[in-house]
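Consider the two complexes below, in which chain A is the common component and chain B and chain C are the respective partners.
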Partner chain A sequence: MSLSHNIPSYFHIKVDRESCKKCKRCTTHCSYGALSFNGERIVADDSKCVACQRCVVMCPGSAIRIVKNESFLPPHGNYTRRIRNILWAQSGNGGVLLSATGNDRPIRTIFDDLLLDACQVTNPSIDPLRETIETKIFFGRKPKKLEFLTDKKDSTKITLKTEFMPNFEIDMPIMIGHMSLGSISYNTCMAIYQASKELNILAGSGEGGLHPDFYEYGSNIITEIASGRFGVDINYLHKAAGIEIKIGQGAKPGHGGHLPGEKVNSLISQTRMIPKGSDALSPYPHHDVYSIEDLAQLIAALKEATRYKVPIGVKIAAVHNSAPIAVGIVRGGADFLTIDGFRGGTGAAPRIIRDHAGIPIELAIAAVDERLRQENLRDEITLVAGGSIRYSADLIKIIALGADVAMCCMPVLIAMGCRVCQQCFRGLCSWGIATQQEYLVKRLDIDVARNRIINLFHSWNEELKEVLGAMGIDSVESLRSNRDRLRYIGPNPKIAEILGVKHAGE
Partner chain B sequence: MNNTEKEGAFKLEEKNIIEINAAPNNKPLNYKVLNEKIHEAIKNNHKKIILKDVCGQRFIGASLQGDLEIIINGLPGNDLGIFMDGPKIMVNGNCEDHAGNTMNDGTIIIHGNAGDVVGLSARGGKIYIKKDVGYRIGIHIKEYESKYPIIIIGGTAKDFLGEYMAGGLILVLGLKFCLDGTVIESDQPICGNLLGTGIHRGKIILRTEKDFTAKLGVGAKIFEISEAEKNEIEPFIKEFCDIFNIPYDIISKKPFKVIKPISKRPFGGNYCGQII
Partner chain C sequence: MKWKNYTCLPKQFRNERIFDGCGISGYINIDGTKDNGKKIIDMLCILNERENGLGAGFAAYGIYPKYKDYYALHFLFDNEQSKERVLNYLEDIGYLIQSEPIPTKTPMDVSNSPIIWRAFYEPRQKKGISSDEQVVQLVMEINEKFEGAFIMSSGKNMGVFKGNGWSHEIAEYYKIIDYKAYMWLAHSRFPTNTPGWWGGAHPFNLLNTSVVHNGEITSYGTNMRYLESFGYKCTLFTDTEVIAYLIDLLCRKHGIPIPIASIALAPPLFDEIEQMDKKYQIALKSIRATYRSAMLNGPFSIVVGFANPVPTLFGLTDRKKLRPLVAGISEDENTLFLSSEEASFKRLIIDSNGLYTFKKIWHLKSGTAIIARLDEGLIREGFEEPFKNIKLTVTGI
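Up next, the complex of A and B:
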């Protein structure tokens, strides 16, 4: 590429020469090669900087600052800098542009237009510090009704006729979403699984198999059956608390997966059960699932394979007609259903899909919840919702919109050190999260990371209790689908209508 | 077809055998009931299970492990041997779709035709089908360490054979089995269109002299068979002929062609990681 077509960097690395001790620490910490030492001083290459902040944090002299590149492009409200950069990148390199994390376009977030209700006078609020507020939920399929048999001879003898399907308890309505070993590092996975077990919440395995070291956390792990069936074996089926068939992912609905061969080191090879260095390509669809009937068959097969001991669910991306698809899935026998909104995260996805496909989780979950209630199916199934649950407010709002469990990934990574630089697909994460390189993985201290996740979700759960208490609700199950406790203040009444939420003041 | 004649391939001691009627009083059992009976039999230490009058029941052999043999008389339904890890299943007859789905290890022998999507994503084991198969056979089969899935088809296959293949071996012989027991060359095309699309490891071997370049999918290429490859497949073909009573000399009457990946990264160049 000729120099004149270089893509102008967003960032500028400022090294304060006075405070720099020339210790060169920043040069070893920058995994993107943006900093070097020329024998005299630190040299910065802005074009390589991703603003991950590693050097800033590690510099003993606080000598580095990453600032916005001041040499800005001629302003244009339509051909934004982003669009111009996309055109330059594609005309220079060709190919489908990759991206990571979730959709970063400044699209209005519906969560932010929702306000919560609280008690005043007529119904008393509850003090969560003095009274019990239950945040526990039961995960799995529930019977539609209970049926009893009365003994023909002795009418006082009554036995339960209804057969229960497998259910288990989690202490908070939280699931850490599916991030595979491969997309994230061993240390990151370990911290997540340890924290999940400690908190008794759920974590997803992603589609990368389950490393034997993680079996002991299996009772808090939902393993994932994706189209590539990587790492799927008896242990993967039998060690997990539940199994999820991944049909879609919010960040890339309709897309498969592609772990490039260079990331398949011996650890990944062992877990995915593929040879070292070989690409892990997940086909776009499951080739045994071309219809709801086929999906029902795969659900039934997994139930057979696990002898009806664990819940079997399905994950779909939130797309235009999620509601009828969800009905088909529930009728097809799924014990839980996960819906992943268009802002959901990814370790690598085509930018065009991440940025433009799918619909917001708020709308999808409201539509699915509503439709399932119309079909008299809602109470049978556990509904998990993800796709940018950023903090506890989103968790509370998504439950009020109809979810049983909120699923999130980015907050967990951010808690562990992620700076949202969006370069995960390059495998160079300087924080040891989205990488397989030994020297980088080591940077993530498992104990520290685990404790930070535990702190994070303890706080979320406390805040959930505060809100429930203020609403006068003593169990999170009573908040679920309780849309009357939400009000809309956004600009578009149609959104409020689809959400089934009244406007503020109504 | 009678059982004892076909069981030669397994040479298992005639102990711990149990027969389960899959359709008592001519009413086929629900698949859950039948599979529960199989689990019950395994719990009672039966090592060989003979299923009688199987009529479309699904998931037979699902995720079963270990030293176990299941003989199926009748027509097993979809997902025969799904997630299976070791046992041997023999079907005296045809079978429906998805046989050997995501199988880790074991053997499935079908004395007839098989439906679509045989061996989807299988990581190991052998699937031997005497006659013809449907569409999408061996999609995304993959190998790992000592695991090496092998699918051999005595007859012919349809479109999308070996799509996304990530390891292992698919072998199609192109034979036809006459009612009188003689074996002749099939008059059907040996495979359909879009052969080996996206293949990035492993090989598909077809026994044919015809040029099928036009049928190749993206990422696949035809090679002449090497001596090493001939030696590699010989024992499997012998075993196959043995099991299905095929005179071995017919095999050498046509050459083998090998389909292998052009690259281990068929779609590597499609993406661009430029920071924008």
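Up next, the complex of A and C:
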């Protein structure tokens, strides 16, 4: 590549020469090779810096700061820096650009345009510090109605005829989304599973198989059957609390999983059952699911294989026709349905898909919930919503829009130390999260990470209770689909109409 | 009384729900003896701290023995045209056995009073749909689509009388004292934000089920959207409508016994469920999971009257008991009374110079149903464990 096509870096590394002790710690901690020692002083290569902040945190003299590269490109409102960078990168390597985490385009977030209701006078709010507020929910399929038989002669003799379907009780309406061992490290997985068990919530395995060390946490793990069928064996089916068929993912609707070969070491090779160093690219569709009836057969096959003991669900990306697809999936026998919005995260995805395909989860959940109600199917299934549930406010709003459970990943990674540098696909994560290199993985202390996840969701659940209390609701079941308690304050009334939410002041 | 807004809310208020505080009362004579309206009027009118003259109503069971096999439709009409249109429509789709004005005592100076009408009606037999279901659909259709018409009640051998005024005015206007019923329900209200409308007063009725309600349902959105899945149309913008339809769904459509339906509306806390025997745990968790959208949240106390299959009076408060409900049973144990305040019972004692006395007056436990049935008596006293006195079998264990 000629110098004239160098892509200007977004960042500039500032090393304060007076505070620098020349201990060289930063050079060993920078996994991207941006810092080195030339015998006299620390030298920084801005073009390699991803602003992951590892050096900043690790420098004993606090000598390093990462700042925005102020070198100014000629301004253009249409050919933004972002677009020019894409064109330079593509003309340099001739390939499909990869990216990680979720869509980072500054598209308006609908969650931020929604406001919550609270009680005043006519009904009392409930004090979560002094009164019980319940956040437990049942994960799985429910019957449409219960059949009770009253004895004809003795009306006190009542029989409940309906048998309860496999449902998993979770203490918070929260699920940690599917991140595979491979995309994230062993230590990260272990911290997530331990935290899920401790909190009694659910975590997804991703499509990377289930390492034998994780079997003991299986009662809180939903394993994922994806188009690559990586790591699927009898334990994968039998050790789990539930199984999810992954049709699509919010970050890359219409695509399968991508795990670059750089991340496939011997541990990953064993659990995924693939050769070391090979790219693990799941086929785009499931090659045994070309239509809805094929999916129904796969659901039935998995139910047979697990003896009808655990819920079987399906995950789809939020796309334009999510609502009718969702109805088909529920009719096809799924016990739970996960919808993943266009801002959903990924360890590696083609940038073009991540940035441009899919629709926001707020609209998708509102549409799916509404359509399932029109077909009188909604209350039979558990509806899981993911795709950038950033903090507890989003969790509360998505439940009020119609979800049973909020699924999230990024907040968990951020809680563990992720700085959102969006380089997961390179396998060089300096925080030991999205990497398989042993010296980097070791940087993530499992106990510390686990406790931080526990703290995070404990605080989300407490905040959920605070809001429920302010709304005068003592159980999260009564928030679900309660759009009456939301108001819209954004610029586009059409959005409010699709959400089924009134404008603020109405 | 307010002589306007009979069959629908004024336009500017149609998008809002009505919040109100209320006085509620009700009683049942267990042996089926019929009383005139004196007692229920006294019980309700003493609660005048709980009303502001913007709505009251009564439901009476057993008042039409002559026509007990036909649906007694109580109507509010704005004018003659809407009356003609509805009655013609009824004749098209079923049989009008009797059609007549309901006797009222309109004050001299009022010229635009509503037309208060009753019709004893039988729908034409249709394959695959019960008469009850036909009448439910008829009520939904007329209340939603026929301008200037509103059906107040649609049960057999019972009726609802309601309007916009103080409770004593409504009692006088409808000549409540002249009706003879074995079960009475009554309601007076203190709405906060609208002038009120006649159809929007309580009791709310669907077939034989009537509900009087004090409180505000914070789960309204959840309950309403659940009911819409089953074809109910919530057009009245009040919480009480939702409660009436939920009870209709659970008890009539799903055939759930009333003590169990009460658990679905106000289930025990999970902490309490975890302490119980496995059988009860499974039953309670099945109820909570299946009917999670039917659970009522927010402050409420309700009194409900049923007539099918056995006439029953039913009272319930929310799980935190944020609205009052007091029970009393007469000395002869033949009459169960429910009211927002003990004052209702005291008034009966004082008015009778102490001749009418109560054997017991007690306060219900939060979220626990009190149920009395015709002939059987008090079957739940309002502080039992969920399955007390029920021999429950759960299939599969």
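Criterion: the second predicted complex is superposed on the first by the 495 of 506 C-alpha atoms of A that agree within 3 Å, B and C clash if a C-alpha of one lies under 4 Å from a C-alpha of the other, contacts with A are read in each partner's own complex, and residues count from 1 in each chain.
By definition in this document, a residue touches a chain if its C-beta (ideal position, glycine included) is under 8 Å from a C-beta of that chain, and two chains touch if they have at least 3 such contacts.
The structure presented is a predicted model; accordingly, all values stated were derived computationally and were not measured.
S.K.: Judging by the criteria at the top, classify the pair chain B and chain C on chain A as clash or fit.
M.R.: Once chain A is superposed (C-alpha atoms), there is room for both chain B and chain C without a clash.
S.K.: Check whether A:H258 is in contact with chain B, with chain C, with both or with neither, and answer first, second, both or neither.
M.R.: After superposition on chain A, A:H258 lies in contact with chain B alone.
S.K.: Does the superposition put A:V96 against chain B (first), chain C (second), both, or neither?
M.R.: A:V96: touches chain B, not chain C.
S.K.: So in the superposed three-chain picture, is A:D233 touching just chain B, just chain C, both, or none of them (first/second/both/neither)?
M.R.: first
S.K.: Could you look at A:T109 and tell me whether it touches chain B, chain C, both or neither (first, second, both, neither)?
M.R.: Touch status of A:T109: no partner.
S.K.: Using the superposition on chain A described above, determine whether A:Q53 touches chain B (first), chain C (second), both, or neither.
M.R.: After superposing on A, A:Q53 lies clear of both chain B and chain C.
S.K.: Just to be sure I read the superposition right, which of the two partners does A:E134 touch: chain B = first, chain C = second, or both, or neither?
M.R.: Second partner only, chain C.
S.K.: Quick check on the superposed model: minimum Cα to Cα separation from chain B to chain C, whole Å please.
M.R.: Checking C-alpha atoms only, chain B sits 17 Å from chain C at its nearest point.
S.K.: Would you tell me which residues of chain B are touching chain A in their complex?
M.R.: Residue list for chain B touching chain A: 31-32, 35, 39, 58-59, 62-63, 65, 78-79, 82-83, 85, 97-98, 101-102, 104, 117, 120-121, 123, 136, 139-140, 142-145, 147, 163-164, 166-167, 198, 200-201, 264-276.
S.K.: What residues on chain A touch chain C, complex-wise?
M.R.: Contact set of chain A toward chain C: 119, 121-124, 126, 131-132, 134, 136-138, 142-148, 150, 154-164, 167, 169, 373-374, 376, 378-379, 400, 471-475, 477-485, 502, 506.
S.K.: For chain A, which residues count as touching chain B in their complex?
M.R.: Counting only chain A, the residues touching chain B are 7, 50, 82, 85-86, 88-90, 92-98, 227-229, 232-234, 237, 258, 260-261, 269, 273-275, 277-279, 281, 283, 287-288, 297, 300-301, 304-307, 350-351, 423, 425-426.
S.K.: Spell out the part of chain C that touches chain A in their complex, as residue ranges.
M.R.: 15, 19-21, 192, 215-216, 218-222, 224-226, 228-230, 253-257, 260, 269-271, 282-283, 285-293, 295-299, 319-320, 322, 389-396
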